[in-house]
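Here it is, the structure in full.
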């Protein structure tokens, strides 16, 4: 077994785990988006590692998949950032889950305004 | 699937549906058009039913079949039992429509009321003409749905509370029914209603399953038929306007339940099978308990409509009792009570409505001396009350005669005890009312009040009341004439016409 | 051995940067760490014999995404404070750390198992190598992207279009006329620099596009490079946000999808298979359209505006 | 004629509903006249297929004397009532005519359903007559009457169910034949016996009678006592064929019951001062004697055939005389000495003074009982009852003088008195039963009277007064009826979900669930779950 | 012809979307019409073809799987496509008035709408796991902006949460695919089945778990439903309709595909996994029902109802290993269909009510029968189907499910089904009761008069409701059609 592959495999796992931790741990939407991108990076790395990249016999299909994935990731990130800006503009906040109970009140107030 | 004239039961059902939809579409304001439409629909329906009646007499068969699921059809047909119920509901629809037009004059939400009213009648017609349990269930549930808006029609918290109870009971009943149906379907497929049922060949080895199915279905129907532990929605539903109480809770809804029980024993299980499984005894005892319990509770009610409602609880179980007792005579008694109780109870409810509308009378105490003020209504009420008690020659007597004699013939003499007790209790809660109406002086407060009903409303309210009262009288008095309810019920069971 | 050492250092760097991205107190620092993380990732791609990915990661993952994140951070900062995590009570760590660890462990285990799998004969990748000739390009990745799995690429363009449409929808619908404030900084020599950089970026893009057939590169990488040029123009104020999307921009945005699908449909209409591009010329044609659309979309996304116009 | 007899009262009753009784006042007494024709005719029969289950009506041996009684007593009472009540009282006339319709049908019916139908209508309509003056006493009496009448009717219908189950709506005349085996009768017989006993005022079901008669208007009392109670007797005769009780002990029990009633009621009557109450007790007493006759007639087919005409004559005699007495009480203030003497006639007749219809009836009865192979003492005691009867009627006459009423004179009672003298004799003659009185029979008629006179004199001298005793618990029944019905086991509805309670907590949970870390936890848990499950399977 | 029709289903809306982006007054209109109108006609062609051949493959680019991507049409896919065409079409009719093509709002709305339509069609037709990932992303990235188009704070917040979780879900899915591809060398949904049997179980198991998890999150299955209620409730009416009726179903659809088509029958203790998912479904049914009962806003009630009703779709899964499978499958699909129609109708009606009354609070709904009779009627008719009361498609679905539960002897399923129906009845009738209430006489001012809304909007909602009702009568042909493509029952190992 290729030692490089092992290294990259572990890296991928670590990056995915860190990303997941960041997503769940952060309150800032921006940081959560960063974390999601990290997770994506981890997955891409795993895909390419498994796809034989480390052996020098690259499988083009995973590469194409990752390329597509990168574009999708940037698209999603770009849209998410736009949405974040909109949220910031509406609420003045950069977080989603500031406080669950306060949320309830905020929602109720917002609903009242919607009416 | 045939849409020719054999599909007449479908069209009869659709007449009410279309009427209902058109009424909805007309909106609140166009009162005269709505009245005309309602009456036209009711009359058309009655005419169609009479045509069917004649055709069936002449040997024609009606059937509309639409496959719904593999092995399950929507089947509308017309047998004698259908006609018994259908004719009753169609005729009373017409009468009640007239009554309701008068009753609801000036009240809000009439379009809604009449729309759902028509839908209820459509559902009732569907129940009547359902050709298998599945179809029956469809219309049975539809009835629940269409009735609920009428129960909560007044829109008061009390009405909604009653509506909630009504739903809780009927939907739970529907669930039981559904489970029973599914079970039956997995066991025996979706058989059509056939006299004496189709289950006998598979009974061997499946006794307990069949018992379970029967109990589920019985409880499911029992909710609407207000069998004992399942009855308490009915008195609460009395917050509805009088025409609703009259047609729906005296005729359509509770009868749908009772009719279901009839179908269950007669056309699904077959009496022989049900009896051999010990199921008819169960039903009979439940019905008996209901009869007594309902009567005892009726005694306690001081609200007129609630007293009538408990009376309904009690009276409807006569049907179940008759069917469950078995034998030709008792079955005829149960079946004919389907009609008799309907006619009598609708009379009483109309009267209660008249009292309420004319003088705001709701409780029993307020009836004092009203016989002088509202003679026709009071006479009708008296006739209804006596009919309920079973005083000959009113319709109730015919029922009791057949039930009592039938019970003896079927070897269930204990039924007599129930009948006797019930008769006494009926008398105990109805006769004081009659007494109050005729033999008590009009209170001073009432004496000063002017006549409570406008001329038009008087005609629209008292007319139908008198009509149903006379019909109820005639149903008893002329029970032996061909075409009478008794005649039909006898034909149904294959007995000699009386 | 050296390779292994490089791999190890690279891996450690990647993990450290990822950690910093998640854990650094300053949001700006986190974003910067993420950009560096992207750069290291592109090195890793190169080490993993995925030069196409290396290019794409550098241009898109690190470049465009980083720029997007930075500009967003800046816009969020408009009220003057840096959104940071440390000021806030932390989310419950005792839930998340085990979750993340478990997930990572899972990947390790399964990846390990997968690495030791016997080679499956006739995988899609093997087939792609074998039948590359049918496509008319020698770069297998481009072959897969525009030949065997062209449909994916087309849908991916739709995703990009959707992202732009979505961004425009949320950004403009409810504040017509309100455009993002100027982000450019006027620095001496910028003009001169730009006059060099932009043509170069165009050149690189064109190169990447044509190289994609046989060597690493292609529409995505080229598009990203071109977009980088556009971003520069925007940052330096040569371009500014416009309240409306111009006709040209509209055409440009859909050009990729439209050309790609119409080409596919045309082939089908003439009796071929749907999306079977008839030869290399068609691939280049489609790639050009894709490149333009990608570049335009990315620049517009960066600008967070419905359209762009020349600074007056 | 039958149609007329049945429909005329009904049509008139309907007319009353519309307030037409004032215009038709001349028809009101005539409503019961057609039945006289039926009584006089030998046999009549009419099938009414269209009514109920198809009814048969007609006159036969059993009901003809009753029909005669009905026609005569009812018409004269109605005539009296026109004066006494007035034609303006719509409700009185309505119930009067409805009762008449009912009893006409009861008497004429030849099948079970028709009989019961008429009986029930009559029973309920009579309630309206009892309640005529709406006083509290009337209400109480009415309630007791109604309860007992209903109990009686459900007993009757229970019995009829049992018969109906076997024979359908059977012709009454054929019942004996249908039953065949006498002991096949069983429970139904007892139900019917007790059910009709209510109307017959048999001990202890008599309690409604002394309550109802004093409160009802005199004409109503007259027909209640004179005619309506006889419907019970007809019920027995129609539905309880001879030998139904198989052995003699039940018959003996009935006789004992009847005799006890006869004496007990007479004694009770002596304690009352209101003339109509005294008369009511007298009726109870007389009905006890009729029970004895019926019991004797139930021994066998033979006795039935023998005693049936006797019972008819007895009924005719008692009904006419009693009606006359009741009507007379309404004219009490106008009772001059001569009129009082005239009034003594029916009283004496009931007491069985020779030459009166009473002596005829009693003579025939004793003869019949003697032949019915009953114990000897039966006849003796039966004869002794004349003593108490005489005492009671003497008491009545004295009370009448002291209790002046407020009504005007009316000839109806006089006519009735005269009819009562003549008609039973004529009827007996027609049947060939009338015989000229012998010495023995005269003595039989006289000695009780003499004995009674002696007792009465002694009593008057002693100045001793009978204690006022309420009698059997008449009012207990009423009290029971007023008890709150058994407290029903009201089903609590509190278990119904009025509002789902755990709502707020759930909403809070939902908020927590929506947090991203919690989602992550959920994901982890599910992942582990799924993974473990799947791995466990490999 | 069939190939063209299949391709057209995806590409017409896609190109329509492109057209709507183009400049020119008519471009948007033309794009919308060209993108949506032909769909039913194409579907007729496809349906006829599928009736002939219940497993229809089209190789894109002429490359056979596993190299290329295939389109696959079977009765299930066709059913879903029809739902897209009908529900999406009627919702589009409704949206035509809220988002006029010429307006800025329309300019934002229609391209996204068409892309969403195209994405769903593509998703239902795709036979490739990775392509499905792209489609899922496209669906997500078009649906979320549509939610945010409502513009309210609530909607943006809901969109944001949805987006974060959806991205997470996509990543899980992608990770699963990465593993699967490596273990099997193919991405084809229908070829992978045989490959999976040979593959090492550990990798396959993890992959399946990850993919399922991603789909459960995207499909808002309890307890991962948290993003759904607010998102669906705060979106514009037609969007809510499509989200609840179709978009969440895409994930469920893929779950079906994965477990019933791709996973080899009876291996890997899969029936236990299916049981777990059914348990989640049961939880959804009960929890969603109770929460729907607790909501104070109409659209939230409907949204929680979606959470609950999705539970039915999972409940059928454990029956795959029983003899009752054919019935269960029919029931599941019929539930899919009737719920989609009914739910879309309810959301459109709720949108009309919101529009007319300015509020969708239940306490503001009183006298609705006077103010918005058609909307109320729609709610009621659709509600009948949701409750599973006859006569409606929902009833037939519930009947089939009950029968299947009974036949398979899964009594707890029976209980859950019943409880779900009763809860549905409770919250539907709660709405109706609120609508029939009368003015509170103690309140100073009566409820405001309602604004009028275009009759076509009412009609679109009503038509959907009637269709939901109508499916109660047209079951025989539909079920017959479905049956041809039913996945084989799993024989118990």
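A, B, C, D and E are the chain letters, set down in written order, and residue numbers restart from 1 in every chain.
One rule holds in what follows: a contact is a pair of C-beta atoms (placed from the backbone, for glycine too) under 8 Å apart; a residue touches a chain by one contact, two chains touch by 3 or more.
Source: prediction; values computed, not measured.
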Indicate, using Cα centroids, the chain positioned nearest the centre of all protein chains shown.
B
Let me spell it out: compute each chain's centre from its C-alpha atoms, then which one is farthest from chain B's centre?
C
Contact-richer chain pair (by C-beta pairs counted) among C-D and A-E:
A-E
From the C-alpha centres, identify the chain that is farthest from chain D.
C
In angstrom, rounded to a whole number, how far apart do the mean CA points of chain A and chain C lie?
14
Report the inter-centroid distance (CA atoms only) between chain A and chain B in whole Å.
65
Inter-chain centre distance, chain B versus chain D - centres from mean C-alpha coordinates, in Å
36
Could you state the distance in Å from the CA-based centre of chain D to that of chain E?
78
For chain D, residue numbers touching 2 or more other chains are 497, 507, 514-520, 523, 527, 531
Residue list for chain E, restricted to those that touch at least two other chains:
130, 134, 137, 141, 144-145, 148, 156, 159, 161, 164, 168, 175, 179, 181-182, 187, 202, 206, 230
Going by the touch rule set out above, which residues of chain C reach two or more other chains?
91, 95-96, 99, 103, 106-107, 111, 114, 123-126, 128, 148-149, 152, 156, 159, 162-163, 166-167, 170
Complete list of chain pairs which touch one another:
A-C, A-D, A-E, B-D, B-E, C-D, C-E, D-E
Mind listing the chain A positions that touch chain E in their complex?
16, 23, 29, 32-33, 36, 39-40, 43, 46-47, 50-51, 61-62, 65, 68-69, 72, 75-76, 79-80, 83-84, 86-87, 90-91, 96, 106-107, 110-111, 113-115
Chain D-facing residues of chain E, complex:
161, 164-165, 168, 172, 201-202, 205-206, 208-210, 212-213, 216-217, 223-224, 226-227, 230, 267-270, 272-273, 276, 280, 290-291, 293-294, 426
Contact residues on chain E for chain B in the complex?
366, 369-370, 373, 377, 384, 389-391, 395-396, 398-400, 402-403, 406-407, 414, 418, 421-422, 425, 429, 432-433, 436-438, 472-473, 475-476, 479-480
Of all residues in chain C, which touch chain D in the complex?
91-92, 95-96, 98-99, 102-103, 106
Which residues of chain B touch chain E in the complex?
24, 27-28, 66-70, 72, 74, 108-109, 112, 137-139, 141-142, 144-145, 148-149, 152-156, 160, 163-164, 167, 171-172, 174-175, 178-179, 181-183, 185-186
